Each structure stands twice: as structure tokens, then as C-alpha cells.
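To start, I am sharing the structure in question, which I have written as C-alpha cells.
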Amino acid sequence: MSIDTVLLYFFVVAALAGGVLMLVAQHPMRVALALIAVMLSLAGVYAMLGVHAVAVFQVLIYVGAVMVFMVYVIMLLDVRDPSFVVRYGRLLVPGVALGTLLAAALGLGMAQLRVTPAAAGVEAPSYLVRPFSQEFLQQYWLHFELTSVLLVAAVVAAIAVIKSGRRQDG
Amino acid sequence: MTPTMNLLTVIVLLPLAGFVLNGLLGRRLGPTFVSVVGCGLPILAFLATLEAFSTLQLAGPDAALVEHAYQWAAVGNQSFDVAFYFDRLSAVMTLIVTGVGSLIHVYSTGYMKGDASYARYFAYLNLFLFFMLTLVLGRSLLVCFVGWEGVGLASYLLIGFWFEDPAKAAAGKKAFITNRIGDAGFLLGLFLLYHVLGTLNMDEINAAFGGPVAPAVSASLVGVLLFIGATGKSAQIPLHVWLPDAMAGPTPVSALIHAATMVTAGVYLVARMHGIYEHAPLASQVVAVIGVMTAFFAATIAVVQTDIKKVLAYSTVSQLGLMFVALGVGAYGVAVFHVYTHAFFKACLFLGAGSVIHALGGEQDIRRMGGLARRIPVTFVTFAIATAAIAGIPPLAGFFSKDEILWFAFASGYGGSTLLWVVGSATALMTSFYMFRLLWLTFLTPSRMSHEVEHHVHESPWSMTGVLVVLAFLSAVGGFVHVPEFLEPVLPLATARESLEHYEHTLVYVAVAVAVAGFLAATWLYRGGLAKGDALAARFPRLHRMLGGKYFIDELYDAVLGRPLHWVSDRVFLRAGDRFVIDGTLHGLAATTRRVAGRLGRIETGQLQWYVTMAVLGIVGCLAWVWRHV
Amino acid sequence: MSEPMLLNLLLWLPVGGIVALGFVSKGRDPLVRSITFGCMLLQFVIAAVLYQRFDGLERGLQFATDVPWIASWGVSYRIGLDGLNVLLVALTAFLGPLVVMGAWTAVQKDVKLFHAMVLFIQFTMLGTFVAQDLFLFYVFWEAMLIPMFLIIGLWGGARRVYATLKFVLYTAFGSILMLAALIYLVLATQDGNGLTFDLRHLSGASLPFTAQVWLLAAFSLSFAIKVPMFPLHTWLPDAHVEAPTTGSVILAGVLLKMGTYGFMKLGFPLFPDAARAMMPVIMTLAVISIVYGACLALVQDDIKKIIAYSSISHLGYVMLGLASLDLIGIQGAILQMVSHGLVAGGLFLMVGMIYERTHSRAVADYGGLARILPLFAVFFSLLTLASIGLPTTSGFAGEFMALLGAFNAAWPAHLAGNQVPLTLAVIAVSGVVLGALYMLWLAQRILFGEARAPHTPLEDLNARETTILVAIVAAIFAIGLFPGEPLAKTELAAREFQQRVLGESVLLGSGAR
Amino acid sequence: MNWTDVFEAMLPEHVLLAGLVVLLCLEIARGRPRDGFALTFVTLVVAAAAALTLHTQGYAGTPFPGHFTITPATSLAKFVVIALTLPVVLISRDDFADTRFYVLLLSSLYGACLLVSSESLPTMFLGLEIMSMPVYALVLLAQLRAESAEAALKYLVMGGAATATFLMGVALLYGWSGQMSTGAFGYALASSDPLAVGGVTLVVAALFLKAAIVPFHGWAPDAYEGASVPVTAFMATIIKAGVLFAALRLFAGMPITRPIADLLAVLPLVSMVWGNVAAIRQTSFRRMIAYSSIAHAGYLFYALLGAAPGRDQAILFYVAVYGIMNVLALAMLPRGTDDARNDRLESLQGLYHRHPYAAIAIAVAMLSLAGLPPLPGFVGKFLIFRNVLAAGYTTYAVLGLVASYLGIYFYLRVIQYMFMNATPADVPANRTRRLAVAASLLCLAPALALAFFPGWLLDRF
Amino acid sequence: MADLQVLLWLSFVLFGIGLVGVMVRRNALVMLMCMELMLNAVILALVVFSLRTATLSGTVLVFLIFVVAAAEIAIAIPIVLMLSRQKRSLDVEGYDSLKG
């Protein structure tokens, strides 16, 4: 049992723990931190698997951008809100049951198939940044462009929402 | 068969023209026009009939004139034709219809003078003649049926002529409905004949049944079915109930339709279809029995009636019964003979009664009459003659026909029996009794009229009395024309059983004796007025009530048919069936849908997390299902 | 003008009328009325010409048009006259102008929409009759709901919304299943060269027995609702009572015939084997309808309801005649359809006329009208007599032949030991009595007795109303006295129908096994 | 790769994009209100024309092999989607002052176009997102009523869940086949490998979520009611169309077998019944339309049961007709300051006597949605059930028809309100708006055309 | 090399947890974060499969997901903020003024 494996499993457990923590933590801030933990440990997993590109961007985009934004928002909201003190809605039991059922369904569905790395015959591509970027910009540059459209739309949408929110107040 | 120049069609159409003219223009052009058209055209028809009759005579005894008017409808190779058929039987009937018809039209001009709907009256009367002629002249049962229903309509209209009185309108409806019941039977018989023989022409049907190969249908069944029709039209048990009520109509109508012509249509039909009955002993038996029962019971009722027209009505029913007895025992000619004599004296009686009512300003109850003999002599004399005739006093017309009927009832080789004869004679006895009772109470006994009525009494105009005289004369001498022989070629007579030949004369004497006995009884009871009669009635109260109530047949029918029908229709069909079961189910479904809709609305709680949960539920469900069935 | 064009003109004229109405400015009601009336009249003329030129001895369609419509699934605009529909087309076109005249003064609200709807429904009804393509037929059949929904719902009585929804939902349910069956049928009869909705092709095809039964059941449901046959009739009284006069006339006059026509044109010929098997059921239902309708008419106290239920009873005769599968019976059924169209239509028009004067349809409110409104009474009694099938009226011709047909079918069965048909026939014949009973009772109650009306004085029928009624009565007697003329046009088609349905089965009438 | 090829092939998308950019520049340059309207309208017209010409030329090509493909069919679909947006834009003018609305509209439309001709799952994923994301904002943009934001959130969360589900499905498919092309989905239909089946199921579930099939429909009524009328129209037509076309791309011509067929038969059937029944009791017009759209989504997915060529035909025709009629109905609604009030069904009472034209137009729409001939809705219904029957699902077809029967009632109820009920006393007087009328004409003309000559559209397959 | 099976399961579990969070947590922001968690689970699955199938397109999709996730949050947060201002609360169960 190599050190890699130990680390990998460490990260797996960490991610799992973080997930569970997200459910049980009361204050959104804690939840946010738990989510960050999950993301980081997942990044670790990716790194362990050698998919460095993903690992890097996971940290940069997700933790770096998204979660920071999120934490910021949480901080500027007041804490006396009922949803801060009462954790769960009335659908706790069925919700949990269904969630487990879903995970179980997926898991059991996959039970019999063994997911293993590609057979030795196939030369596995390297997941380093360079080859990845090449692939991306050769095969998927349409999508690359499309993401820009998406982002534009998103930005406009966000602005529109905020503006209309103002209009509503004032 | 000899062709003619559309004479028969003309005969039929003349009254129709009268109907149209009077119906459309009558009200504008006034009573004189109406009277001229209304009487003129029937008389023309009568003359035309004579013309046709002479042609027929030349053509030979068993000849027949046939006229094909037009093809009503054709389906496949089969065709329904409107054709007219004129042999000696139809000749006699046509003569009666047009002849007596014309007379009564004339009479009506006097009787109905000044009535608000004079034109309408004559229009209806002409319409009736039209249909009646269609009935007797029609060659095919279909045409006959057209006339058959048509006369029903006419009688409906005329009975309800004074429709403001609900009772009269109701009477008309009752007549029509009762007839319809009979007609249903008629129709069935007609269908059956058509289905088996493929034709509706009466002559061909008769021929078919007479033919070497018997048709593939039991003659008795057909016979009975047709006879059901006859019972409706000719007011035989059990469908006799309408005729007495029909007296609601104007008296000339009662004379024409409900005495002389229409009610005898049943007799005509059976006689016309004799080809069937000759081969249907069973059916004939039924006819005879029904006939004799009707005759007897009607007579018993007539004995206690106090309404002058009701008495005559029941006597008509009973006479018709006698005719059916004759038909039942195969003496078709004799039946027609009685139709013929009966037409005269019964018409005379009704018109006389009309004259009386006319004189008394509408009074119809014989208990409030009497002593009219001197006040309205012509009416009295004619009425007396007719009474004698119907009572069967020789040598008047009624005597001959009735005597022959009784003789055949007794001796016919085709179902004659002593029992028939006994009951028949009893009927004759009662007939003579109640007729003379009527005569006494109306004309001879001291007056029981209220004062102002008595004051108004006057003899009717010549247009009425003249007609009375003519009819009285006919009912006196009519009997000497021996119709049965005349009809022999077309209507074979049943042969009497040799074993009984020698009774013939005895029976004649018995018949006379019966008539006289009736006369004497009536005289003894009623020449002093009502007292004795009432006393007698008081002696047997229940019997009297029963007879007075006409055996409560109407009430029975209402209880057995009328009310249940309404009850079922209303309670079972309408409330239970339509409203409760059918609509109830539908409304129930609708309500359920709305309730479900409400439930579904409540599922849409507005809780975002619930929506997510539903979705997840869906996903899990899908996955589970798919993986179970993959 | 070429003859097919003539038929197309007849069909599309109402649409033209609607377009024309579109240009009429608001509030010019007289113009609206005259345009509509003009359309109808012209249509009637065209129909008369077509009827005259129609040759009863010629097989197949006449004045036929056949243009591909939706090529990719073999739907085409395929119309034409044949023996089965020629009379109904004539009837529809005949009633058209009368309906408009009848509504001349009665309708004052939303006149334009009203007349547009009347034209629309005329269009759909004619289309249903002349369509020779299953898809086209269904389109017209179903489209008819829309104008009727509005006519009842907008200009109807107090409970009009309930009535009209009931009518539409009832009918739509039937046609939904018919749609399924229709698609199934077309797919099942699909052959090498793709789908087709051509009725000639379809009625030539032969399906397995069970399939036939299911399909016929689906079609029958829809037709039986329209007829209506017991126990699917409860929409009719409500619809009739709540509908405005025009609605009732159209309903009774033409719409109900669409059901019987459907049976005759589609139901039986498309699925002959199943039809033979189901005959006893249909016959029974028909006879039940006859008696049931009559009995219910007996206990109604609303004039319109009485006539409505009488329609149920009369159409029972039609179904009986058809189900007899006897030539005379079929012919009688066709005749009875036309006759009922005239009689019931006329009666409803008359009810409308009196209602316009007194705003009451309750039998109890009237009495002795023969004294107050003599002319009205004359026509009403004439129509009454026609309705009870008195000889010389069209009612008699139809009923007589239908019953005769039923009997012709029943007797052999009886000889063969199957008593059911005979019993039914006998009951049907005695239904005649009931018919007389309720109609005469109605006449007695409103025409006779002492004079009584919601408010007097009432003016008698005016020239316009008289014209309408004269036309109808004339037609009634024309058919009653000379039925041979129309029957000659339908006979060939009737025989083809009979042969198609009977197929090989020789046992006439005992279609049951 | 050939640039001109790319240019021609994606012409409609490019036009939309260009319009979008120009709008943005305008916005940034000087935020003059209303600029957007005319420009957007022109953009849409040009784009539609482009799509139509591509279709009529029978242009076929793959500018981005394995990701993006153009065929006459896809061009036609694009044309339909873009053309449907025209009336929406027309009726939107009164509610939306700023260009943002149009930018969002165009970008969403752009996404829909992507979906129509996407050939790889990533493209489809981006298409879905580009299509839906602006709509989250659109829902609360008008701010005519307080609930808009809530509606937006619900829509967004459900949409997010849908995205996640879709991606998970894609992941499984990818794990099974190792490729990202829509073809993978097609093959997966045939396979019984748990990965494949699971992936297919999740993707289908995601589509159901987006198209609001029971039980994934929770968001639809709230979103429709909360959004403003034009946005509702947009959601009910374009979004649904996009999703359905995406489904067509995925199932492209592949036969559907059990157990997936069960999903595609049962859940749509349920949503037909559910939608039609639940609509009966609604008092808000848009909410009623939402439920009706749930039912119609059911019909649309039903069509997938049919065999390949008829399937596309049916769905395209149905989407077109259904969209036209929805927009028509919503365009003619009485509009005014008080949205919540105008949205009540009661406010329609006696509409015929106030605005006959509007009433008749709405009536036409309702009857067509109810699927009564001679209106085109009937042809659509006919097509779908013909396919279902042809595919041998007789029972399902009959049940579906009966379910569609349930719907008739509430459509008729609207007509009853408009024609048969008296105008309530306090109904807000609102003028008929010229643009709305124009929009309605834009809908009525093709509606009538399709009613009398459905072949015009049908025979293009 | 480690057993990818476990990682796949992990991704499923995280996906489940994310869903549960969306279903049960009352705080709107927490809901959003749970959705992010779901996306992360998907990413994990994609990576696993891209290793399994020895192709890169999976990882490419991951990048697209990053973008989308960011965009989603960018729109979601303002909406939530608006709501919290409107309703004076982040409690999702309070957002039920549209129903029926």
C-alpha cells in the first residue's frame, strides 16, 4: 500500500466527511467551509489521479472564485434569520431517505460493473495541462467560444436582476 | 276485370275537393257556399257511384272494376300501388257511404246552422267521406289502411269538434288512441301478409288463400291480427270503450261515422278478407265469440242508459257485435246485409235523436223528456219506424237481416251453434226492450220537461225532417233488397247444416216473438213513466250500478294501463333512469374530476423543496424501474 | 357550370357568407340577416338543382371532387353525392333558409356572430354529409361542435351553459374514441401504396373479426351519442330545451341525422361482420329508445322537452330500419330521417314562434290555442299528425317502411326459432300507439280546452311564419304522398349498403348468429 | 476547417449573436431605452429568413464535425423557434423598457438554436444552459408582481437540479462509451449495460425536468404565473421547443425499446391527465396555461414513442402549432397595470363584448389547444397519436386520447367566460394594443395556413 | 493504481448528499451550495470515467462545468438577495406565495 493510495483514501474520506458536514452544519458559513473542504480534497484526489489540469482549476475557479463570492455574501447577511437557527425543512426524513435511495440506486446499478483504469493496451493520454489544452482548443474551440456567450448572458442576467431589484426598492 | 275512365278515382277525390275548398275558402265565402260545396260534392260522388255500379252490373256478377291511380313507392322489385277495386261488396259499401253520407250532409245544413265553425264542420265531414271511400275502394290493404287511419283522424276531429269542452277533446283523443291500438294489430297482420305473399292486394290475398297451395302462414294468426284492427274500429270488446264517449260529437256525426259507416269498417275488412277467414276456423271462432259477447254486454248496458245518444251508441255496439257473429259463422253477405239495414235505421234513429235534441235545445236525458209525439210528429213517426226496424218487427228492414244472422248463428256449417243463437236472441230481446223504452220515455209518456224547455220545443226544418223521412222509408223497405244473394258471387255464404234445415221457420217465429216480447215488456214498464223502472232498479241496486257504470271497464283500463304507464314513465324512466342513473353517473364523474383537480392543486404546495423532492422521487423511480426491467 | 363545381359551391357558400358578414359594419342587423338568408336561399336552389340532376340509377359518386389535401398521408379533399347522402343534403339545404327566417326577429343579441355561427354549422353539416374521405368526414363531424357550443351557450335559455357543456362533452367523448378507431382502421387497412382515408378503399377492406368489433364499438359510441340512442340520450333534452329555436331546429332537423348517417355510411359498411354480430344489440337499443323516448315524452310538462324526447323515439325507428338490413327497412330509415327532420324541425320552429310571443314553454300555460290562434293551431295539428305518422304524411311513409323492414327481418328469424327480433318488432309496432298518445295529449292540452295563454291578446302567425310552415308542411305531404320519387334516388345506394353489410350471410335479418 | 462553411452553416446563430452584440454595445454606449425593440425585431426577421433559406436550399453540413450539424430539418426547426419569438417580442414591448431584456431573449434563443443542431453532449449541455440561464433572469425582470423573484428562484433551483442530473447522465454515458457524441445516447438505447441505461435514464429525467413532465413539473405553474406575460409565452413555447428538439437530436431515429419506452409512455400519459385535470380548477390564466403546457409536454414526449421519420414530423408540427396558439392566447390577454388582477380568469368575462377580436383570437387558440378540428391543433394531435398507434402502443394511444378529452373542458370554460358570461362591474378598461394585434396576426396567419394546408409543413419531411 | 470504483461511489454519495441538502436545508444559500456539491460529484464522476476510457473529452466537459457553475451562482446569488430583501428571510419554506 503506497503512500499515494493512503493519501487518495485520506482525501476521499475527507471529501465524504465534508459532504456530511454540509448537511449537519447549522450556520451557512460552516456549510461553506465544509464545501470548500470537499472541493479541496477532491482537488487532492484529482491530483493523486494525475489529472492535474482539473485539480488546478478546481482550486482556482471553484475555491478561488465561486466560494469566495459565496462566503462574502453570507457574511453580509444578517444572522438572526430563522433559516440560520433552524436547519431542516419539514421534508427532512423523506429527503434523506430519497437521497440515500438515489445514491443506492446508482451504486447498486453499477454494482456489478468493475470500473478500472483503461486496459494497458490503450495508451492513456497524459492529463497534464499542455496536452489537455491542445485537445481543448483543437476539438472544442466551438465550446470555448460558446462559454463566452454563456458568460455574457450570465453577466447581463445578473446585472438585470440586480437593477430590477433596485427598481423594486426605489 | 274491366277498365274504367277513372271513375273510382273521381269518386274518391270529389269529397277531398270539398274538404280543400271548405277548408281553405269556407270561412271567407260564407255558409251558403259551404253548404253547396259540402253537400254537392258528396251527392256528385253518389251519382258517380251509381254510374260505376251500373258499369259493374253490365260487367257481370263476379266482375270487378280496377283502377290503378299511381305507384306510391317501389322498393326493389316490389311496388306499393294506390289502386282502387270496385266489386259488388265495395259497391254496396260505397253506395251506403255516399248515399247515407249525402243525406247526413244535407241534414247537417239544418242541424249545424249558425254554428261558429260551420265551414270547418263540413270540411271535416268531407274529409271523412274521402277517407272512408279510400277505405272501401282501396285495392290493397295499404290503401285500405290509409283510409282506415284517415277515418280515425276525421272522427277524432269531429268528436272533438267543440274542443273548448275538455271532455269532448278528451273523448276524441280516446277514440283515436283506442283505434291506434287496433291499428297496431292491423299493421302486424299487414306486415305478415306482405312478408309471406309479397302483395297487399286484397283480391290476390284472398285468391292466394283460396289457391291450391296454402300460403306459408297460419291463416288464423293473420285473421286474428286483422280482427284486432277490426275490434278497434268497430268498437268490439275489449276496445269498445271509445264509442259511447264518441257521442260527444255533433249528432249527425254520430249518425254518419259512429253508426252508419265508419264503425262498420271492421265488418267490411273481415268480409273483404273472407278468403282468409274461410280457412281460419279458429280466427272465425274468435270473431264470433267476441261479437256475441259484445252484442250481449252492450245490450245490457243500453238497457239502463238514460242519455238518448248513449242508448243508441250501445245499441250500435251491440248491433256491430251481431254483425261479427255473422262474420264469425261465415255468413259474410249477411253481415254486410245487416250493415246495410243498420245504416238506414240507426242513421234514422240518430238523426231523429238529433232532431229531438235540436228541439229541446240540447237536452239529451230521456228522464227529462216525454210527450214529444204531438209536438214533433214527423220526428216521432220516423223514429218509431226506425225503432221497430231495429227491434226486428217484420216486415221492416232490421227484421230480415237480424233474423238471418240469428239463423246462421244457429245453423251455419261453419261454427254455428245453439249457444250463439241463444245469446243472440237474448240480445235481440233486450234490443227491442230498450229501444221501445226509449220510444216510450221520449215521445209517449207524459212530459217531464222543464217549463222553458217545453216552451221552446219546435219541429226541425225540412232539411232535417226530409232526411228523416227518406231514411225511415229506407229502413222500412230496405229489407226487401236481399243483399246476401246479391253478394253471393263475391262473398260465398256458409251452408247451413242439413240436420237443422227444418228449424228455419220455427226460428223466424221465435225471432218475431222475441221482438214483440221486448216491445210488451217495455210497454208494461215504461208507459206510465219512470216510476216502475226506477222501482225495478231499486230492487237490484248492485246490478243497476254495474250496468250504469258500464261494467267499469274504463276505470279498469285506467287502473291497469293508464296509471301504471304514467307511473313507470315518471318514476322509473324519468326519475330513476334518466335523472338518477344516467345523469347521476355523469354528474358523479364530473364531480370526481373536480375533486381530483382540487387534490392535484393541493399537491402543488408552493414549497420549492417539495418540488425538488417530487423530482428526486421521479428520478429514483425511473432508475429503479429501468434497472429492474433492463 | 360544371357539376362538381356546383357541389363545391353548395358546400363553400356558407363560408363565403361568413366572410361577407365579416365586412358588415356593427349594428346593421337587417343587412346581416339578408346576407345570411341570401346565402341559404342560393344554397337551397343549388341543392335543388343537384337533387334534380342526381341520377338514382348510376352507381358510385356523382358531382365528385377529389383533390389531394395532405398528400403525405393520403388525405384528400374528396366530396361527392351518393344515394345515401343526397336526401340529407337536400334536407339540410331546405331547412337552412327556413331557420334563418325563423330567427329573423327572435335573435336580437350579437346578431352578426349568431348568423356567422349558423352559416358555419350549415357548412360543417353539409361537409359531414358530402365528405367521402374519412379524415375530412371527421374534421367536419367534430368542427360542428364549435358553432353549436356557441349557439346554445350564447343565445340559449337559463341553464344554457350547463346544457351546452353537457352537449359538447358528451359528443366529444364519443368522437375521441372514434378518432382512435379511425386511425387504427386506416393503419390496419394500409396497403402497398401508403395510407389512404378514401372511404371506397376502406369499405373494401376486410379486418379480423375482433378488430372489427372494437372499431365498430368505438364508431358506434360516437354515432349513438349523436343519434341519440338509449342510454346515451340525456344530453338531448337539456340541449333542446336550453337551445334557442334555431339551435333546436338545427339539432333536431339535421344534426341528429348525422348519427344515423354515420351508422349508415361508416359504421356498418366498414365493419360488416361485426355489424351483423351486433345487430341484435343495436335493434334492442333502437326499440328501447322508441318506447323509452315515448314514455318520457308522456310525462314532460315542457313543450320542447316533449318534442325532444319524441325525437329520441322517432330516431329509434330509423335505427330499427337500418338494423333490419332489409331493403325496405333501410329505405324506410332514410325516408324517416328526412321526415323527422321536417316534422321535428317544424315543431320546434312553431314552439319558437309561440315562445317569442309569450316567453313560456310550459304546457300548463296554454290551452284552447285553436280558438286564440287558429292558424297556429292548424299548422301545429298538421305537424302533430305528421309526427304520429298518420298516412299521407311523410312520417307514415318512413315509419311504415321501417317497421315493415324490421318485420321482414324478424319473421324468418322467428321461424328459425329466434324469437327476439320478432318480439322487438312487435314492441316497435305498438310504439306507434305511444307516439299517438303523447303527441295527441300535447295537442289536446295546448290547442283544445278553454282558451288560456300567459298573456292575451296574441297576434296569430304573420306572413313570414306562415311561409315557413307552408313550405315545411308542403314538403311533408309531398313526401308522404309520393315517397317513390326520393326513394328512387336512394334505392341503389341502399341496396349496395345492404349487400355490403350482409356480405355472404344469406339468412336475411337474422344477422345475429 | 472551412470558414465560409462555418459562416453559412451557422448563419442564423451568427445573426442572433451579432444582434446581441450590437445591442450590448448600444447599451454600453448610451443606455437609451427602447432602442432594443426595433433592432431585435430586425435581427429576428433576418435570422428567421436565414434559417428558412438554409432550409429551402436543403443546406446540409457539419461545420464542427461531431459537435454541430446542419440539415434541412434542423434549419426548419430553427426557423420555427426564431419565428415563434417574433410575436413574443412584439407583445413584450410594453413591459420591458431596457435592452437587457432583448439581450437575454436573444441569448436564450441562441441557446435554443444550439440545441436544435447540437451533435455532441457538451454542445447540448451548453445549449441547454445558454437557453435557460437568461430565462431565470427574465422571469423576474418585469417585476410586475412581487412573486416574480420567488418564481425565478424556483425555476433556477429546479433548473440547476436538471443540469446536475443531465450531467450525471452524460457522465455515465461517457463512462460507458468513452465518447461525447449524441450518437452515444442512441447506441445506449439499444444496450443493456447498466452504465448506458442509467445514463439514458438520467438524461431523459433531466429533459423531463426541463419540459415539466409529471412528477418533475413542480416549478412550471409557479414560474409561469410569476413571470410576466411575454416571458410566460417565451417559456411555454421556445424553451419547450428547445428541449423537445434536443430530445429529437438525442433519440435521432433510434428505435425506443422497453424499459425506456415505459418511461416515455407512462410519465407523459400521467402528465397529460395531471395537467388537464389540475387545470380545471385554476383561476389564474397563466397558471392554467402552465398546466395545459404540462399536458402538452406529455403529448410531445408521447410522439417520441413513434417511429423515426414520423416522430420528427409530429414533434416539429406540434411544437409549431402549440407555440403559435399559446403566444396567440397570451398576446390577446387583457393587459394593464394590475397584472395579478388581469391574470384572473374572471377578468376575461364578457371579453367578447369589450374586445370581440381579442375574444375570438383567444377562442381560436383555446379550441386549437383543445385539439378540435378544423384548427391545426387537431392535426398535431392526430399526427402524434397516429405515430403512437403505428408504433403499436394501442392502449397508450387510447388512454392518451381520453386524457386529451379531459382537457377540452377547461379550454371551453375560457370561451364560456369570454362569450357567455356578463362583464363584471369593476373590470379595468384596457385599450387594445396595436403591437399585440400585430402579434396576433403574426400567429393567426400561419395558424389558418396550417389549418387548411397542413401539408405545407408536413410534406417538408 | 487505486480502485476507481470507490471514487465512483464517492461521487454518487456526494451527488446524493447534494440532493438531500437541496431537499432538506431551509437556508437558500445552503441550497445553492448543495447544488454546487452535486456539480462537484458530477465532475468527480467525469474524471473517473475519463480515466477509465482513457479519453480527454470528459475532462474538457469538466471545464465547461466550471464555467456554468460560476455563471449559475452569478445569477442565483442576486436572486436570493432580492428574495431575502423581499421576504426579510432566507427561509426557503417561506417562499410559497405562488401555489395551487
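Note that the chains take the letters A, B, C, D and E in the order they are written out, and that residue 1 is the start of every chain.
Note that in this section a contact is a pair of C-beta atoms (placed from the backbone, for glycine too) under 8 Å apart; a residue touches a chain by one contact, two chains touch by 3 or more.
Everything numeric here is computed off the predicted structure, so don't read it as measured data.
The minimum number of touch steps linking chain A to chain D comes to 1.
On a Cα centroid basis, the chain most remote from chain A in this structure is B. Centrality annotation: C (chain centre taken as mean Cα position, compared with the mean over all protein Cα atoms).
Across A-E and B-E, it is A-E that has more C-beta pairs touching. Distance between chain B and chain C, defined via averaged C-alpha coordinates, is recorded as 37 Å.
A straight line joining the Cα centres of chain C and chain D is 43 Å long. Centre-to-centre spacing of chain A and chain C amounts to 71 Å, using the average Cα coordinate of each chain.
Once the centre of each chain is set as its mean CA position, chain C and chain E turn out to be 65 Å apart. Chain contacts: chain B has residues 601, 604, 606-610, 612-613, 616-617, 619, 623, 627 touching two or more partner chains. Along chain A, residues 89, 91, 94-95, 98-99, 102, 106, 109-110, 115, 140, 143, 147, 150, 153-154, 157-158, 161, 165, 168 each make contact with two or more other chains.
Along chain E, residues 15, 18-19, 22-24, 28, 32, 48-50, 52-55, 57, 60, 64, 68, 71-72, 75, 79-80, 82, 86, 92-93, 95, 97-100 each make contact with two or more other chains. The complete set of chain-chain contacts reads A-B, A-D, A-E, B-C, B-D, B-E, C-D, D-E. Considering their complex, residues 593-594, 596-598, 600-601, 604, 606, 608, 610-612, 614-615, 617-619, 622-623, 625-630 of chain B touch chain D. Listing the residues of chain D that touch chain E in their complex gives 121-122, 125-126, 129, 133, 136-137, 140, 146-147, 149-154, 156-157, 160-161, 163-164, 167-168, 170-172, 174-175, 177-180, 221-222, 225-226, 282, 287. Residues 15, 18-19, 22, 28, 31-32, 35, 38-39, 41-42, 45-46, 48-50, 52-55, 57-58, 60-61, 64-65, 68, 71-72, 75-76, 79-80, 82-83, 86-87, 95, 97-100 of chain E are the ones that touch chain D when the two sit in their complex.
Those residues of chain A lying in contact with chain D across their complex are 106, 109-110, 112-113, 115, 140, 142-143, 146-147, 149-150, 152-154, 156-161, 163-165, 167-168. Residue ranges on chain D touching chain A, taken from their complex, read 17, 20, 24, 64, 67-68, 98, 100-101, 103-104, 107-108, 110, 114, 122-123, 126, 129-130, 133-134, 136-137, 140-143, 149, 152, 175, 193-195, 197-198.
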